[in-house]
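As written, the chains take the letters A, B, C and D, and residue 1 is the first residue of each chain.
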Amino acid sequence: MGMYIGIGRKARKCFGFDDVALVPGSLTINPDEVDISWEMAGRRFEVPIIASAMDGVVDVRFAVELGKLGGFAVLNLEGVQTRFEDPGEVLDRIAAANPEQSTHLLQQIYSEPIKKKLIGRRIEEIIAGGAPAVVSAIPQRAAEFGSLAAEAGCDIFVVQSTVISVEHESSAYESLDFSKFNADMHGCGIPVMVGNTTTYEVTYALMEAGADGIFCGVGPGAACTTRGVLGIGVPQITTTVDCAFARDRFYKMTGRYVPIVTDGGMRVGGDICKAFAAGADAVMIGSPFAKAHEAPGRGYHWGMATPHANLPRGTRVHVGQNASLEQILFGPAELDDGSQNLIGALRTSMGNVGAHNILEMQNTEIIIAPAIQTEGKLLQKAQRIGMAK
Amino acid sequence: MGMYIGIGRKARKCFGFDDVALVPGSLTINPDEVDISWEMAGRRFEVPIIASAMDGVVDVRFAVELGKLGGFAVLNLEGVQTRFEDPGEVLDRIAAANPEQSTHLLQQIYSEPIKKKLIGRRIEEIIAGGAPAVVSAIPQRAAEFGSLAAEAGCDIFVVQSTVISVEHESSAYESLDFSKFNADMHGCGIPVMVGNTTTYEVTYALMEAGADGIFCGVGPGAACTTRGVLGIGVPQITTTVDCAFARDRFYKMTGRYVPIVTDGGMRVGGDICKAFAAGADAVMIGSPFAKAHEAPGRGYHWGMATPHANLPRGTRVHVGQNASLEQILFGPAELDDGSQNLIGALRTSMGNVGAHNILEMQNTEIIIAPAIQTEGKLLQKAQRIGMAK
Amino acid sequence: MGMYIGIGRKARKCFGFDDVALVPGSLTINPDEVDISWEMAGRRFEVPIIASAMDGVVDVRFAVELGKLGGFAVLNLEGVQTRFEDPGEVLDRIAAANPEQSTHLLQQIYSEPIKKKLIGRRIEEIIAGGAPAVVSAIPQRAAEFGSLAAEAGCDIFVVQSTVISVEHESSAYESLDFSKFNADMHGCGIPVMVGNTTTYEVTYALMEAGADGIFCGVGPGAACTTRGVLGIGVPQITTTVDCAFARDRFYKMTGRYVPIVTDGGMRVGGDICKAFAAGADAVMIGSPFAKAHEAPGRGYHWGMATPHANLPRGTRVHVGQNASLEQILFGPAELDDGSQNLIGALRTSMGNVGAHNILEMQNTEIIIAPAIQTEGKLLQKAQRIGMAK
Amino acid sequence: MGMYIGIGRKARKCFGFDDVALVPGSLTINPDEVDISWEMAGRRFEVPIIASAMDGVVDVRFAVELGKLGGFAVLNLEGVQTRFEDPGEVLDRIAAANPEQSTHLLQQIYSEPIKKKLIGRRIEEIIAGGAPAVVSAIPQRAAEFGSLAAEAGCDIFVVQSTVISVEHESSAYESLDFSKFNADMHGCGIPVMVGNTTTYEVTYALMEAGADGIFCGVGPGAACTTRGVLGIGVPQITTTVDCAFARDRFYKMTGRYVPIVTDGGMRVGGDICKAFAAGADAVMIGSPFAKAHEAPGRGYHWGMATPHANLPRGTRVHVGQNASLEQILFGPAELDDGSQNLIGALRTSMGNVGAHNILEMQNTEIIIAPAIQTEGKLLQKAQRIGMAK
């Protein structure tokens, strides 16, 4: 496993969404009759799609709407929703900024201090709307914010940073003790999801530390430039296969099944189908949801690393708003590009490959079939995106 | 066979038209003297090219013209030809629509009910024109429409959907029993062609169920976005090799030779030549025929999944009309891009590789020689398509 | 050697110029002191670059100029030079045609009959200019034109078609007997070069039939669309390696060294250097010479398959004229893109890899280092060719 | 190690920055606490980034500023700084030239003779500014200029040409004896860095000849067209791995640790991180520094092979000036594209992969994950660079 990249040094080849495809099955199934539900920590969700903790995607209203439709959204406790009483005005300014100003403006806006009272208020608003209240913080703030969130009655707590590890060295601050944190939250009846990682080792270790769900994926998102800035990034198919292998092994050793969530880089229904085929139990998406009328970003989205004061990674991306959240999830699709009716696409794909449920979808055949720009396709694509006549 | 895409999981690499090329032979043959005919169910056709069951490509007139030239066209029994007394007016509206409106308009037009009396009428019109009457329906309607078509005297019946399987699970409707259906049609003296599949298993099973010809290919067509929407799609060279392997094995076991037809993704003569080299007995094309003056699409074409009410896959594609059908098949070519004189190209290619007939062409050497965009080629291509000076 | 492209079928991977690169040596040499001469049939040439038998590249004047500089040009006996008393007027019309008209105009111009008296006259004109008179014809006309050319005193005769083979089947016309033809020409003291082929087998067989030089390469030229139209084409590095292997084996078995000439697809000095590294004794180029002020094409060139009446392959390509032939060969280069000072580039490359002569250059290390469009390079290239700011 | 590129001939596959990526570690570290310093010949530098000996990047002022910040710059003794008393006027003219004129103008400017008195003066100016005085010359002039530089008190001497070798054959001039030269400079207490090479063999031999540092990389720079012109070029990851292997082996055999410096082709922080992961002790960059307000190129840069009188390789590249040198090295970054806060990026990357220092970074895992243009990414990139809306 691996090929030489120079004398005495091997590297293994990794694969992303555009490198692979799925294969029709010998059995096919009526799409309406496949089961796409998933479970985490004993809770069952009808829609295996989670909205990313991005300020252009999730606010209270969006979380309520997605919850009603059977999924859930993660509200970022370190974003504009907890820094500003009235985030709407701030989001207006972000949407109105020139491309040149946007990174600088974001850096400025995110320097506003977090108002702790807003943490509880947002959670209560989501609960009042009848949806699961799921909120996130980085490891450094997880202990403090987790406790506040628990008091406010949150349903699931997410600890998320660009790259997570079980062991973090620092003499300047104290690192989060995941085992203790998870135990504390479990004591309040709150499951904990942790991410992001790309490796078997960290996935397994986080499960051992008590995590109830793992986010997989570093660097592939549309708003993310981690690979360009840091050189770090593992293609999502390989990441998902590796983390799923850890999940299956952990289950075999302990009997506890901890779902993994592929996070980042999925733009269309086909990408989502491939993520499940690679082993995901659920997926987290940002960019496709940012196009919903219900999304707070006014047609824009950006990652949480974008406003980093010293080393911004990512950019404000314009996607426009062209459909309701319900249409994006369940159709009818008005576009044929795979960006709408994501659940319909997943059901149809599962029916075509002959998977009765997510577990069977995780074991469907994958082929290597790169979608690279070939002579034949260049003209076609160029025409679609308006580069040629 | 296969390489690791992650821990514990292998995938095999698949190949498409742009990934491969053919090699000149040690023997060459005068192109006028190679034999390109093929047979199905005891019938012989001089031209091994079939027109796709697309409404922008095939109507009665087109079927008649292609039949006279030695090939045949498949008329879709679920398209505008059986939904409208006067399809011309509808095709005018499709051609006149804005790109933004086109998917929506198609969804609307295809919600018009099928008029069963038109099934017989269209078949009779083709027969009156002196050409083979070949018509198609999806599996759910095959039993009913097959019986109507048989009454009207059709020559060949095609059962075709995006992805076909021998076994289909549904509690909401009854699945087609292929063995029974094929036996019924054979009782009327009508051969049955079935598709589309990409796999050895389904090809073999369909042959066992009595199919007389198999269409191979899911997802590669110009008007098709199955791969983007569903993640499903197998590159055509590998598909053809796999299905041809099933055909040869079935022939060895049973003595019955069931031709396979590569369907989708061929834009130019070179692609068609490669399909035969990979093992095809015939090819089915849509986009190249849509450019014929005789094509009903007024310079446009679209797939049958395009107007899907809930999950449209594919798009209306503009190709213009620039030659007669005869010129597209037999030349003289006025363009040098491989889109005209397809039969001349096939003959010349067979002469150059030294293949006396399709059987020998199926065994010519294939090399892996990707036509990807390299530094050297980018400028060249960019110039051709008008992206650079 | 080969990988699976489907069940039961293998193909080998082939390589072109953009797929490989050369490696600096442990020894380096002063470029002025490397020996770039080559020999064929006992004749020695100082410049290992031959001009293609293309009407946009070679006329009498160009052949004379290149001969004086140490190389030689091939005049096509079936082009405008032998169809028209005054080819200049015809070349003016070709240069003045619209892109849409050009293929049709070429088809029309090349339907003018060949005037046999012009064959002798052009040869005499080249000889009068003091350069080697090298002329070409396709196999069907080789016997007749070869005899006329011999009478006129030509120095080398070239038999060249898109794809050559030793055995050609036709009941409509008689195929050329290469052994007899070569013997006849040798009887007149005239060496015969033959092409084009891409394979070990044909190269070896042509050498056995007495050929004095072999042209290698089918399909890669800038003006060539053989791959798109016929599906045929072997990348030039693999072609050259294979044919060079035949040459070396033939030499080992017979003691006769028959040089091979890589023909097609070389645009810049780097491509030429790689051709020698892959095993070429000389190279044949068209497009880079078409840019010379001395080239007859007025800044355009086209292949001999372009004006095919029924199945044109190739296109008229505009390159402009920006330097003298001497500057293109020996510099000084005014451009930094590798299109000028080709001999200087070859010498510098040989010096850097440590090759004293062409034989050593044929054995220098080659690495696989694709020049495909990566994220990093796209912007760079796009900027150069004016696609982005 | 190697695959067949034709009959009887193998080549090994090499890798560049865009072909690979890094993987998050099981341990992570606070970025502020990783150690990025490096040592050469007993001297320690806090910043492992060296500025290229390019006239658009380095003059006295720039060398002083970079030295103050903990790195060092190489001043080219054969550039405008030693050919002109007042290089500013010359640099103004270069910046003002049209793209068409620029290569010719550079050829003319660099034909001005070098004024030897300026060698000492520039070195003294740098020393007066309080920074390390590091200067370079090609091998042919190293003996003479090295002696002048030593007299002026330079800190490090660099012998650099496009391709370096230990053995150079020429009857026209005497080749540099590296062992003697290194010994002479060491006698003056001046370390010698030599380059550029791409191979294990040359790296090892140069270390045996006494070199104190080796520059690795031929052909990959943004301003470099060596690959196109000469066919020569080894992708930087493989080059770095190979040269690092020579360094480690030389250290094992001799106990002397000679750092290697990856030079060329790094545009963003991610590239630099990958160079260290491949084995570099330090990196040399030009293009990213040319964007500094302190760079003398007025927003342009060009390589030393660009003005070659007879065979120019490379081009004047426009990058603009958009940040201070301090901002480029240490941030805060105003752009999110990886071009600013290079040291912050290196620290963050090392923290994420869990490398305490450069030595550990040299052994972090590398994966093969090509950043080629896939369907999904083309639109995204096209939008960023303004090719599509």
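Keep in mind that, in the parts below, contacts are C-beta pairs under 8 Å (C-beta built on N, C-alpha and C of every residue); 3 or more make two chains touch, one makes a residue touch a chain.
On a predicted model such as this, the values are computed, not experimentally measured, just so you know.
Of all residue numbers seen at the subunit C-subunit D contact, under half occur in both copies; the interface is built from largely non-matching residues.
Most remote chain with respect to subunit D, judged by CA-atom centres, is B. Centroids built from CA atoms put subunit C at 55 Å from subunit A.
Our note on geometry: subunit B versus subunit C, Cα centroid distance of 39 Å, whole angstroms. Residue positions of subunit C touching 2 or more other chains: 12-14, 228, 238, 271, 371-373, 375, 377, 387. Contact residues of subunit B toward subunit C in the complex are 1, 12-15, 20-30, 32-33, 200, 237-242, 244-245, 268-274, 277-278, 331-338, 341, 344-345, 348-349, 352-354, 365-369, 371-380, 382, 387-389.
Residue ranges of subunit D in contact with subunit C, taken from their complex: 3-9, 11-14, 16-19, 103-104, 107, 162-173, 197-199, 201-202, 205, 218-219, 222, 225, 227-235, 238, 267, 271, 306, 309-315, 370-373, 377, 381, 385-387.
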